[in-house]
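Each of the next two complexes has chain A plus one more chain, namely chain B in the first and chain C in the second.
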Partner chain A sequence: MGKYALNRLIAVLPILFGVSIVIFLFLQLVPGDVAATLLGPRATAEKVAAIRAELGLDRPIHEQYWSWLTSMLQGDMGRSIALQVPVADLVLPKFLNTLILAGASLLIAIAIGLPLGILSAVRQYSFVDRISTVFAVIGAAAPTFWLALVLMYIFALELRWFPTSGMTSIRGDGGPLDLLHHLVLPAVATAAIPLAVITRLVRSSMLEVIRRDYITALRAKGMPQANVIYKHALRNALPPIVSITGLQAGFLLGGTLFTEVIFSWPGIGLQLYNAILARDVPVVQGAMLFIAFFFVLLNLLADIIVAYLNPKLRAH
Partner chain B sequence: MAETTVTASQSEPSNGLVRRREWEAREAQAVRQAESSLRLFWIALQRDKLAMASALFLTVVVIMTIFAPVVAPYDPYEADPALRLQGFGTEGHILGLDGQGRDILSRLIYGARVSLPIALAPVIVATAISLLLGLIAGFYRRGIGEFIMRVLDVFYAFPTVMLAIAIAGILGPGMPNVMLSIIVVLIPFITRVVYTATMTIAEEEFIQAARACGASDLRIILHDVLPNVLSPVIVYGTTTMGLQTVFAAGLSFLGLGVQPPIADWGIMTAEGRSVLGIAPHVSAVPGVMLLLVALAFNLLGDGLRDALDPRLRQ
Partner chain C sequence: MRARNIGMYALLLATAIGWPATSPQAEEAKRGGTLVVAMDAEADFLDNQAAGGWITWRVNRNMFDTLLMEDLTVSDVDVPQIIPGLAERWEVSEDGLEYTFFLRKGVKFHDGTEFTAETVEWNIRRMWDESAPQYSAKAASCTGFSWQALKEIEIVDTYTIKLIQERPFGEFIGKLVDGGCGNTSLMSPANWEKWGNDEVGEHPVGTGPFKFVERVRGEKIVLERFEDYWGNKLEDPRYKAPYVDRIIFRPMTDPATRVAALQAGEVDVVWSPPPDSLKPMKAAGFKVASGPTPHIIYMTLNMREKCLEDVNIRQAINYAIDRAGMAKTLLQGAARPAYGMIAPGSPSFDPEFVPYPYDPAKAKQLIASSTCPEPPEMNLLVPTGGSGNMVPLPIAEWMQRNLNEAGFNVKLETYEWQTYLSFWWKGIQEDQHAYWMSWGMTTPFWMEVFAHSKWQAPGGSNVGWYDSNQADALLDQALLEMDDAKRHELYAKVNEIVMSDASQVPLVHSDTPVLLGPNVEGYVHAPQNWMDFRTVWLNN
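And then the complex of A and B:
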């Protein structure tokens, strides 16, 4: 098991190296004269020269990459061009806010998707199964930004149950209840797609297991239904569910960008969005690096859990 | 002597005729089989009512898009300030009017001219590139294949949506940049589909047979592998078209794609955002349209997958 985890960890290293190259190349995507474009039309010649020197744009590209990579590895993510603060100071707290939002969404998706998927599989073609399938099919197709607007209109503007934006109230105490109050709508909007995907996957994965002979044998022995389903069937249905949930957790990060922008949730998605609008490439690079590293680690974790759950994989 | 010559001269054409008839019969059978497998596919697809309804819906949308100037009741950019934000069922404006008094139905129809090609064209381009990469990688698994797949692995390390937004954002707004960003993020996914299919096919006996007959690699790839790889690719491409339509609209919604005042479903949704409290229909209509298009592509993709799979067909 430890060897498998170590092997997977080693396999991740070249990918992270590739990730750093892709993110570094973001700067090369800027159209025209990079330094001048980044600073905008009102920049003075001295400022353009200063930025060019700071980003090392006058040096050959491999030298630029090397100095960029070494400073990244030392924890120096550069400075924001627009805000003149270190990128790390900007990105890290925002990332924690995004984790709260993404974590809540994933919790909603699993807490509803897992039991609903199991129920759909156990009672295939029942009323519950049909309804949940319809919702899953629609949920998977619904644009997140539109769903966020629909939720905002119904629950914030019409019913006034929840606030329309922010993470805490200005006059509130900023405590956990206040946070929770702000969290509900963006979390539900972000959860829709992963919820749909997880429900469908749990259903199909469970259906496949339930049809196997050993389940029939257990039932024939007279084992109670709940025991058969939760102790024996679910365990074998779990590996694909865990790996897809790991992937969904990553896609959640993408989905949060839309909900963060719409609900003004001060997360890394909103930060990335503002940095893109301001052409603040060092912040875009820092945010993407953070997200990619987190995503890779998450999938690594999912792989290791899957291997732990599936002894057949563990042997390899 | 004379007899033998006669028999020889008689038997030769008759032998040739037999051989030709046999050959023709085999050809005809092959054509029948190809026809019948296409027909089986068609019968299976027709049985899938949701997929057929989706195909019909998408066809209607495409026809309306092509004939937008004829179908749309108004000019999508012509504003009637007196009727601003009027809701559903306003006289002459079934779907109401937006914040500037423009007819929402007309903008919806014209919007398809931007919202559909901006997503569908990149899917087609990415599929073509991925077919090339995936066939090469799956056929020559060591060396170049290994290299292609390892490079593409890097792109799996990013959440797709964020990578595309970052690329489109840095390149700057506009339709070509949105399309480019979608192509870049799609290639790794479609290539993996092609790669996996190619790998399975390349190990089949009929490929070995073709090789034993002296067929070149290029001939094997184009004549034997490619036709067998197409069906998973078509299924994936169809399903992802819906997702990409939503995503491209999302970029325009964020202001990173097509720019106002161009009629586009994403921009229409964004324009409705500022008047959400007083006129929710402005953003609801394009949102529902996006949902329906994405839904139709998903259901059609599911239907194609089932219909193309011989195991599920029977």
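And then the complex of A and C:
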């Protein structure tokens, strides 16, 4: 098991290296000139050249990449061009806020998706199954920003159960309960897609397993239904579910963007969105690399869990 | 597409809510409370001299004072009056070359240091003197127009300072108080010593009525009333202490969210509300503050393009656009039609000046009689959002429809705002026909900024390569003219020339609407792109 985990960990390094190159190169393709943007209306060619030199933008691209990468590896994410602060000071607290939102969304998605998927599989074509199918289709198809606005309209404006936006009450002193109160609507909005995916996947994965002969045999031997489902069927249905959940967790890190914009949740998605609008390349690079890093890390974690659940994988 | 959807949702949200319509009675203004302002974008860094954009200046001007300032505590004026600020009076020599500022005594910065003539010199050198250790290239770029004629700074005594110009500059005072990309307001040199040019924007220290408390990026900027504010000691209502204890500025990029947060009572003031939310919100008991503002959305034409070289074509474009319909139907009265390049709120503005009323037949006739009777496809560059642009795509599509109806063949090319700006500052490129911009100033010096041939891009804002000897001569004359009335008249004449050449296509002047909660009292919409929060108090 330890060897498997180590092998997977080593395989992650070239992936991250590749990701860093793609992120760096893609940003070079974006049109516009950050130096001209920075200097404003009286930007003469000389002043633009001076700023470009100051930012190192006049150097060959491989040199720029190398100095960026080596700084990154030393923990120096650079300095925001638009906001004039270290990128790490911007990205780290915002990433933590996104982790809170993404974590809550994932929790909702698993806590509802897993039992609902099992129930739908066990009682295929029942009322519960049909209802869960309808909700899963809506959840997966509804644009997140639309769902966010609808939730805000119903629960914040009409019923006044939750605040419309922000992470804590702007006039109050905050606190965990205040945070929780602000978390509900954005977390539900973000959870919709992973919830739908997990529900459908659990259902199909379970359906495949409970049709197998060994399940029929267990049932024929008179094993109680709960034991059959939870002890034998679920365990075998779990690996693909864990893999997909890992992927969904990764997607959530970037996928909270729309919810963050609509609910003014100060997360990394919103930061990234603002940085892209401001052409703040160091922030975009830092935030994207951070998201990519955690995406890879979460999938590595999911792979290791899957390997733990499925001994056949470890042997390969 | 998404912008349009959001506008629709905003309307859906706004119309469906039944907020009780309460109109508070006129009462004695109350002190205290926290005013929460929903901003349409995150502010730049809080370096008052170097930060870009109106949004940032709306925050900074609460913390920083200029030598002279605009009185934004009254709305019933055509142009904001320029009143003493950190200088209690000023004198200008007859030849217009020497400005003597007599400074207020006993003014303290938020860090407790004293304000003197030395402070003023130090600050000006930061924006003007490349050899000064505190020099900031960005501050110099942003305030360059203000210091264009400055030759020498002379400290007369601790509270008197003289600025000596190498030539007269009639709009010097007008530019001194202007905000936007940097302002000439003064910061604490002692505080700068602590942080330097890179960090000072994170730790702003001025002399203004509010002082900086904290900033959490993407969440809030918190300001608190400064108890030692110099204006507190004066009886004059124009300098009075603020009523509210705190102002919190919250960046909320989504317009529908800003409106919803106001409905839920989470914020008190909303900047840049969607135009279609104004009527329903007003009907629901919220307040709308809007009015003439020195702001203009306009298209600059490429004077080097073959078809556009013909004035008939340029005039045809100007005749073809239904500006009144755009302002009334599309923008729901949140803007007014722009017929010239000078905006309301400027001393040179003439509301009767309508050189090109909507006349599609005349436009067709001009095209037919031009050297370009079958205009080729025209490429118009438009941003997708950004400071003061209202709803750029719907406005551009309206214009496109009008132009195509008149016989043009217009294609829109859209970019995100910051990317767009980097194109704009380079000037209109060969294969492009017109660039969009949203700008404007109270000072009519604005005419020079976009119309003088010496400010052709790059390094200037004349992006359409407009080059008129007549306009240049009048602008040069206006620059040196020290008599206010004569100078304003000269700038108005330049406006006539620019429009008869039809080098620009003015579209609308935004009324810069602001939505207010039912509890917000005393808010004043002065004819300016920014506001004074000292008059505002909370009724709850």
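Operating definition for what follows: the second predicted complex is superposed on the first by the 293 of 316 C-alpha atoms of A that agree within 3 Å, B and C clash if a C-alpha of one lies under 4 Å from a C-alpha of the other, contacts with A are read in each partner's own complex, and residues count from 1 in each chain.
What we mean here is this: contacts are C-beta pairs under 8 Å (C-beta built on N, C-alpha and C of every residue); 3 or more make two chains touch, one makes a residue touch a chain.
Given the structure is predicted, the values throughout are model-derived calculations rather than measurements.
Trainee: Touch test for A:50: chain B only (first), chain C only (second), both, or neither?
Mentor: Only chain C; A:50 stays clear of chain B.
Trainee: Which holds for A:255: it touches chain B only (first), chain C only (second), both, or neither?
Mentor: first
Trainee: Which partner does A:14 contact after superposing on A: first (chain B), second (chain C), both, neither?
Mentor: first
Trainee: Give one of first, second, both or neither to describe whether A:152 is in contact with chain B, with chain C, with both, or with none.
Mentor: both
Trainee: Figure out whether A:201 sits in contact with chain B (first) or chain C (second), or with both, or with neither.
Mentor: In the superposition, A:201 contacts neither chain B nor chain C.
Trainee: By the touch definition at the top of the document, which applies to A:292: first (chain B), second (chain C), both, or neither?
Mentor: In the superposed model, A:292 contacts chain B only, not chain C.
Trainee: Scan A:108 for contacts with chain B and chain C and give back first, second, both or neither.
Mentor: It touches nothing on chain B or chain C.
Trainee: On the A-aligned overlay, A:244 touches which partner chain: chain B = first, chain C = second, or both, or neither?
Mentor: neither
Trainee: Just chain B (first), just chain C (second), both, or neither: which does A:279 touch?
Mentor: Touch partners of A:279: chain B and chain C.
Trainee: Go through chain A and flag every residue that touches chain B in one model and chain C in the other.
Mentor: 30-31, 145-146, 149, 152-153, 157, 261-262, 273, 276-277, 279
Trainee: Can you list the residues on chain A that touch chain C in the complex?
Mentor: Contact set of chain A toward chain C: 30-34, 36-45, 47-48, 50-51, 82-85, 90, 94, 145-146, 149, 152-153, 156-158, 160, 163-167, 170-171, 261-264, 266, 270-271, 273-274, 276-279.
Trainee: Under the touch definition given earlier, write down the residues of chain C that touch chain A in their complex.
Mentor: Within the complex, chain C contacts chain A at residues 2, 5, 9, 12-13, 16-17, 34, 36, 41-42, 44-45, 47, 52, 137-138, 141-142, 144-145, 181-182, 198-199, 201-202, 216-220, 248, 250-254, 256-257, 260-261, 263-264, 266-267, 385, 415-423, 425-426, 449, 458-461.
Trainee: Can you list the chain A residues touching chain B in their complex?
Mentor: Residue list for chain A touching chain B: 14-16, 18-19, 21-22, 26, 29-31, 137-138, 140-146, 149-150, 152-153, 157, 250-251, 253-255, 257-258, 261-262, 269, 272-273, 276-277, 279, 281, 284, 288, 291-292, 295-296.
Trainee: Could you please specify the touching residues of chain B with respect to chain A in the complex?
Mentor: These residues of chain B touch chain A: 150-151, 153-163, 165-167, 169-172, 242, 246, 249-250, 253-256, 269, 272-273, 276-277, 280, 283-284, 286-287, 290-291, 294-295, 298-299.
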